[in-house]
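Structures incoming, each one as structure tokens.
Note that chain A is present in both complexes that follow, paired respectively with chain B and with chain C.
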Partner chain A sequence: MTDQKVIERANAALAQEFELDLGSMLPDALFREDLGLDSLDTVDMVVVLEQEFGIKIGKDPAIASIRTVGDMHAYILGKKREISPSPE
Partner chain B sequence: MWIETDMTTLMDTVGIIRLNLIFFGGLLGWTFLFIPLSSFLWAWQVCVQRIPARRSIRDLVHFYGQICCRLLACQVPIHVDNRAGQLPMPCIITPNHQSFFDPYCLGLFRVVNLVFAVRAWPFSIPLYGRVMRKAGYLNTEEMNIDTFVRTAGELLREGSTVIIFPEGTRSRDDRLGRFHSGAFKLAVEYGVPVVPMCINGTGRVFPKGSRFGRRASVRVSLLEPVRPEDFSRFGPMAHLRLQRHVKAVMKEELDKSSHATSHSLQPPRRTLMSKAKQLFAVCFLICAVLAVTGCRKSVPIVNHSSPIPLVQNVSDKQIAEAIIRAGAKTGWEITPTKDKTLFGTLHVRGKHRADVIISYNEKTYSITYKDSDNLDYEGGNIHPNYNKWVSTLDANIRNELAALSKK
Partner chain C sequence: MKHRVAITGIGIVSVLGISVSEVAQALWDGKSGIVAEPGRKSLGFASCLTGSVPPFPPSLSLSKKQRKTMPDFVQWAAEACRQAIKQSGIDPEALRNGDSGVIFGCDSSCMSVVEQAQLLLEKKNTAGLGSGLVFRSMTSCISMNLGTLFKIQGACWTLSAACASSGHAVGQAADLIAFGRQERILCGGAQEINWQSMCSFDALGAFSSRENCPHTASRPFDAERDGLVPSGGAAALLLERYDVAEKRGAVILGEVAGYGFSSDGENISVPSEHGLGRAMRMALATAGARTEEVGYICAHATSTPVGDSVEARNIVGLFGERTVPVSSTKSMTGHELWMSGAAQAVYSTIMAGREFLAPNINFETPDEWSAKLDIITKARPAAPRIILCNSAGFGGTNASLLLRFARQR
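Presenting the complex of A and B:
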């Protein structure tokens, strides 16, 4: 799966679950201030991404530093490379 | 033509002024009356009837809300529709949110031991905030999600009914906003049913940002309880699927609520003065009855029958042990008597005793009244506390069995 596909799947999964407008999920959009997600939503976001990509995130400390949609993309892509390091 | 238009506008304005004078004036008067009245009733309930202090405050707040609803009903039609019937105890009620009046709408239904989980700002309202803290209401902005779930879970285990507005704020356009999942996470974690509550019209009576009320029809519906066990197959996504389902049924109800039939609290066709007299008479009568009787009458015994979550490779012995653990949480001594049957007994303050028979098969378990002492049992009726204790036992058994199914 290409990086772009991963980003599209992540955006689609979060947009569907949290009723977000796909068009507003820009890389520099802040989850709290721009998209209205709070700390509980962050916990649910982890669950949604785990289910979407079949990965285990759990209580990874790196999650706490995710502020923007772009941060989330970078995190997911990093996880993807950990699982399958060979380029596609 | 312009005269007619001016007259219509004038009549509308007069109507709005009358509504606001009667409602807000009545609300102020009722609040001032309620302060001394509730102090007396609270002292009576705590000192004479031995009702826990917090429980007394919660039920008095519910009584306050009942009269507030009657005040509003003098001016606007309120349609009430209870499809939930007798509410499971405990449960989580999830109302949508259109106006400040929505919490009062719980006064339209027979519910007890209500605990509201709300944001921080209501706690800063003079008098209201103090009562809310005394009642043990939850300030969701003061705690993280884990603390909230744990604290609310303890309240559910005690038999409280928790009210959570999943939108978290008032809607500006009468449409359902995005739901937060806290209520549903709590429901799944503790195996407690969710009762959706649909409030339609309060946002038109008291629009957000407006200081004055206006005439509009209000409809309040309690929908059938939704069991979280039905979503256990979704694993870690169970609470999100439960949330999605509840929101869908609420949206459907709100969309068609203007067509449903129900009984209504219609404002009588009377003069302003006679409406005020009627309200005063209702308040006085209620106060007089409560003061004279002050007694909690016996109620019909509620026996429970609940489904057992799908459990694979779990023995009868493990199910029995789960039931025994559940009972131990609230003081029940439960012992096996014969195949798939247990006997439970509860002693309270050395004066009251309740005995039940708990039996189970592969699909269901049941809790049935057996005997009691000093609980006013007669002809199938019993002291209401018995039903509360058994409901808590039932909820704890469901939690323990749900935990077994996850292993």
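Presenting the complex of A and C:
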């Protein structure tokens, strides 16, 4: 799976979960300030990404340092080897 | 100073319908909302009977984030509140201050507790539970969700008192307004419908076994009654300080003019000879009303052999024999448990506005005590000025609400 495909799937899953406009999910968009997510949403972000990619995140402390959409992309690409193939 | 307390809006999501007009028609027709759910038998239930709220398109637009913290019965309550607010004509912005509160009766959020435990066993990590379940699984999930949804800044809590929960919630809301501590309160009750929350109640053998004829199963006061039918839904009332409501030109549907409470102080499951009677006396006293002024009693009677008999004795003890019309709307709805006291207040307000008394369906044969009551068997045209709504719950807690209505003409 290409990096671009991983990013598209991550964006689509989070946009659906948090009822966000896909167009607003620019790499430098801040989850809290720009997209209106709060600390509870961070909890659900973990669940959504685990489900979407079939990976284990759990209580990974690295999650706390994710501030932007780009941070999220970098985090998930860092776990690319664990990602299961697209269900499509 | 004691203020008068006006009812300016009502809302209902019931097994009889999901709007005031649908429920009004069902109450007049004597329609039953009871169904058989055969799946409960395979789980080992003694009775598969239950009330059923069919799925409906909500008129209130809730975001996915809002729904995450709301079990289904809280979404029903939000819908009922929206109906009440709309009917009252109040600007929803007028609820965003410290003079506005929300008090609901509720005594469980069982399904969410079961869900979180099952999910943890599956995920083996609490991080997999997501953000919503902690809120959904609290008994106070109803007031915390309604409070944030309607931006309430005054009183905001849930009152738990078994099957008298929402009777007390409406009564306490009325008291807070009467004593000048709040100007308006959204109050009511809600009850989940699922087998998970009802299996241990079924274990007591308290449910009717008339599974082959669900609409005849709930038969309060009838000599052949064999138990209650669990049910649920949500009921809401907007109460306002009378002078404040009058000043804004609101249509006043009625008043909560009295509230009585009592506890049996005896048995955890068996109601006492005098407890409910004491609550009714207190309701009359707080309203300054006499027994002969009461035009209708919306009884608690749930169709259990002991409970209905005890309520009949309490009514006869206070009112004498066959002096006041009585019916139990639970004959149609089943026992709405936490929701029932507020539901009765909503049903009674509907009846008063449309000038009829709903029947106690399935009442065919009186027993020793119900023979001493004037039980309404078919919808009866009437315009009662004072209605008493009784509720009683495990632990021997009793609530009685006295509603007063102006003459229509």
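Simple rule for what comes next: the second predicted complex is superposed on the first by the 80 of 88 C-alpha atoms of A that agree within 3 Å, B and C clash if a C-alpha of one lies under 4 Å from a C-alpha of the other, contacts with A are read in each partner's own complex, and residues count from 1 in each chain.
What we mean here is this: a residue touches a chain if its C-beta (ideal position, glycine included) is under 8 Å from a C-beta of that chain, and two chains touch if they have at least 3 such contacts.
These numbers come from a predicted model, not from an experiment.
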| item | value |
| --- | --- |
| Contacts of A:Lys59 with chain B and chain C, given as first, second, both or neither | second |
| First, second, both or neither for A:Ala13, with chain B first and chain C second | neither |
| Which of chain B and chain C A:Leu40 touches, first, second, both or neither | both |
| Touching partner for A:Glu50 - first (chain B), second (chain C), both, neither | both |
| Contact residues common to both interfaces of chain A (with chain B and with chain C) | 17-19, 40-41, 43-44, 47, 50 |
| Of chain A, residues touching chain C in the complex | 17-19, 40-41, 43-44, 46-47, 50, 57-59 |
| Footprint of chain B on chain A - complex, ascending | 17-19, 36, 38-41, 43-44, 47-48, 50-51 |
| Of all residues in chain C, those that touch chain A in their complex | 63-65, 68, 125, 127-132 |
| Contact footprint of chain A on chain B as seen in their complex | 144-145, 178, 180-182, 185, 236-237, 240 |
